Amino acid sequence: MEKNNAPMQDVQSGPSSVALPLDRVGVKDLRLPITVRVKGRGEQQTVADAELAVDLPSKLKGAHMSRFVEALKEMSHGLSYDTFKSLMADITERLAAKRAYARLRFPYFLEESAPVSGSSFPMGYDCQVEGEYEDGHLRFTLGVAVPVMTVCPCSKAICDEGAHSQRAIIRIKARFTGFLWLEDLIAIARNSGSSPVYALLKREDEKEVTEDAFRRPAFVEDAARAAALGLSEHPQIKWFEVRVESQESIHDHSAFASLSMRKDAGKTNRG
Amino acid sequence: MEKNNAPMQDVQSGPSSVALPLDRVGVKDLRLPITVRVKGRGEQQTVADAELAVDLPSKLKGAHMSRFVEALKEMSHGLSYDTFKSLMADITERLAAKRAYARLRFPYFLEESAPVSGSSFPMGYDCQVEGEYEDGHLRFTLGVAVPVMTVCPCSKAICDEGAHSQRAIIRIKARFTGFLWLEDLIAIARNSGSSPVYALLKREDEKEVTEDAFRRPAFVEDAARAAALGLSEHPQIKWFEVRVESQESIHDHSAFASLSMRKDAGKTNRG
Amino acid sequence: MEKNNAPMQDVQSGPSSVALPLDRVGVKDLRLPITVRVKGRGEQQTVADAELAVDLPSKLKGAHMSRFVEALKEMSHGLSYDTFKSLMADITERLAAKRAYARLRFPYFLEESAPVSGSSFPMGYDCQVEGEYEDGHLRFTLGVAVPVMTVCPCSKAICDEGAHSQRAIIRIKARFTGFLWLEDLIAIARNSGSSPVYALLKREDEKEVTEDAFRRPAFVEDAARAAALGLSEHPQIKWFEVRVESQESIHDHSAFASLSMRKDAGKTNRG
Amino acid sequence: MEKNNAPMQDVQSGPSSVALPLDRVGVKDLRLPITVRVKGRGEQQTVADAELAVDLPSKLKGAHMSRFVEALKEMSHGLSYDTFKSLMADITERLAAKRAYARLRFPYFLEESAPVSGSSFPMGYDCQVEGEYEDGHLRFTLGVAVPVMTVCPCSKAICDEGAHSQRAIIRIKARFTGFLWLEDLIAIARNSGSSPVYALLKREDEKEVTEDAFRRPAFVEDAARAAALGLSEHPQIKWFEVRVESQESIHDHSAFASLSMRKDAGKTNRG
């Protein structure tokens, strides 16, 4: 068939009938295996969900979406600041764009040891790396989501016995100078609730975790501020955002608290 | 155009190239507004998600899927046993089938009053009606999902102070004789944890809810058995299934317990 | 017991050990029934998911979270710009805050008639109202998510027969002067893909919808620009954001395109 | 403190106040890294979500939930039939139970090569292993979820041009004799729609995939039957269940078809 032998039309490179530039054009919900460096222990393999995009000028009808996947294919398997920056430079070039955006989300596992028995089991944390790239400059953001336990200070103060507790999730995003480990952000979050949580706890650990949590009751506001304090004291971190959600055990809804801070300004973004 | 005026081909009624009967063919994730009867108080409007299916004999290539939607359109807006049975008879007939399946899932709201202040606010419960229809007979199942609070009995027994608590979800499905209200299943579930939960609690309520929960510590196993006991004592219920999931506040995973019971048999299904 | 009779401690109003102001403190995932006004046809009842928050100064330990729920309880059932603004003024006052944030998400149903047979069935659209309130001023944003069908222009141009099509979701947020109906945003979105989609289509409708879609192939970029064009031509809309995601049928990932525009500036936010 | 030095109470081993046996008691939503064997290529590391349970007799108040996690910790990292069976024997013994249940869900990646260019990229498939264990016997089930593309045969027959297509998900569960690879189930599913889907397609591939799909239009019923035919012809498979869901591009709801078959009976379960 004649049609098959002719060069195929490049529809995307044609003109757009509506001459508006697009902020981001790309792919999302694309899964792939990746390798992440582990603090002091080599690396671990995990599974990522990718979103990649570039800007599109008003004169082009479409982006060649397969080029994002080709760029991911070429990415060195080991995810790091350098390989991530190269990926973004690569998609900017492959798609002849001015700006690029990329985000990889993945569970990241750390062995966590129970406080009394020392029994350990991996805890999975939902992490992400996110970047905005323009003119050779990468604005790079690390993110972690860390479950903790909170004991309600109000409930503890007013009750003759007990206090309601629940799982809370501390989400942190941070920008920084130099190199920062996911482990550092996770450690700050784990210390910001009433107690860290664990996958494997024997009875003596459960006693310690519960009693420790009751010694340090924390509203969702307290957990957000404790994480913010830890992040503000970290010498490399120059911007962060904290959002804590507490799955209140006396309700079917959640409580939350959030703040963000640019440290060179010495105060919160809106303060 | 000639082609447009010709009668359109009925592809679905043609023969299947693979002569296998199908158990269920239908539509799912179809949203629609519905009206549900409320115990002693008229009715409430809510939003349902529908799944409807019939069997398909080996000789037919496909089902006419639009007929499910037409049947839903004809359904009297007020959802009840009778209208649901009519819907199922209708889809069986419209699709020339032997058997039909239907499930409607919807949030259902009940005003719940706080135990001390009496303040009230609607609590939304995820409910469902489910049916299997054949030869004019409907096997009808009601289902509810009810959040409660559980206090860990082990944690309470071994700790010098406190005990971890968390939100747990009690899911019940039940078959019964006569008429049964969603309210009856919800009430059984609300009484089966350490405490019911509420949307609106003032400080004096929070104190009472917490202390009440600490007076009645319950493992996920205890909550499942308490619900099962309540269901087994209900004179109309002839079969039920209970599944409780507790979102453990000292872990990032959940604990669960389940059982089902056919009451004419006087014991659990597997016992 | 003596403790019970003493006035209960107001822990939230006490000092915070970390003197950082919080951007937002509040509740989320709180479900409630609401009533929404329908263009030209009275109102409809639906089910909302609420997120409400205020800022918290550095000197206060916590917010009285139950006051958000009390404010929702007092809200006139009919959701409108005026009742939403009153809700936000109310939470600002109840919580002695400077700023408030609120968002209600809900499915909203419109009868959509098939293009040839005229058969109609309600289509549910995920909508939201969102507000930021400060000093008596409300920045109000309406949002809709509208499924459409897209036919790939590249696939259509290069294939001897056919072209891949898929469901795409057009998400619009808009700020505006005067009064704007959800219906207006939904109509713009429905016209921005290759074809609108419907719950109920008879065979003659399916033929028309498919052929119509094949006459108007649209990349995700085209759909985003078409929606942007419609929004930019609407006299009341002063800011909008469009994000289109296409669930590519030849892949297991999605393509997306987005832009935002401030119309007084006469160009896109980043352009 | 005296209490701390006393042996801690074993609450779980105490009597239950409600003497009902429980079908399943266990843990769920527990994440961990695992290693899965790959057909002909060693193994791959991925991330699993585990659900583990045992039965609980009426005389025991609770199960020692930490023992499930200890059993997972002891599990040889390489997931296989043998290690999975050992895990189940282990939890049965650790928890002094008669029966055990286990399910591990994980994304599993296979390089898939585009049909013309040969470009390859990993495709992630949601897979699971599931087991019911009693008296040393394991009933073992493999499961896969595979996205494909379907072109509507009715739309193709009645339209002057085009036909709607969409992504569909083929879910298979199978029990078998001997050893069966996930790859075998995935291959059957990939061949059962109008076309397999790929992460990376160049223009010549997109042309081929689309034209191939249009040559093989398939209702959701056809895809279910094609998969069933492939499974029924596989000599090792003795039971299977197929469920196909098609995300109809002309609707906002899905169509589905399902069947199950016990091959020794020579017909479907309900046929």
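All chains are identified by letter, namely A, B, C and D, in their written order; residue positions are counted from 1 within each chain.
Heads up, the rule we're going with is that contacts are C-beta pairs under 8 Å (C-beta built on N, C-alpha and C of every residue); 3 or more make two chains touch, one makes a residue touch a chain.
It should be emphasised that the depicted structure is a prediction, and the values quoted were computed from it without experimental measurement.
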Chain C against chain B, contact positions shared by both copies (same if over half, else different): same
Identity of the chain that, by mean CA position, is farthest from chain A: B
Which of A-B and B-D has more C-beta pairs touching across its chains: B-D
Centroid distance [mean C-alpha coordinates] between chain B and chain A, Å: 35
Euclidean distance of C-alpha centroids - chain B vs chain C, Å: 28
Centre-of-Cα separation between chain D and chain B, whole angstrom: 24
Two or more partner chains touched - positions in chain D: 8, 30-31, 124, 154, 158, 160, 199, 201, 203, 207, 252-253
Parts of chain B lying in touch with chain C, wherever the complex brings them together: 8, 10, 30-33, 44-47, 66, 69-70, 72-73, 107, 109, 119, 121-122, 124, 199-204, 207
Touch list for chain D against partner chain B, complex: 1, 3-4, 8-9, 11-12, 16-18, 20-31, 53, 55-56, 61-63, 65, 153-154, 157-158, 160, 219-222, 224-226, 228-229, 245, 252-261, 268-271
Chain D to chain C touching residues, read off their complex: 123-124, 147, 149-152, 154-156, 158-167, 195, 197-199, 201, 203, 206-207, 209-211, 213-214, 247-253
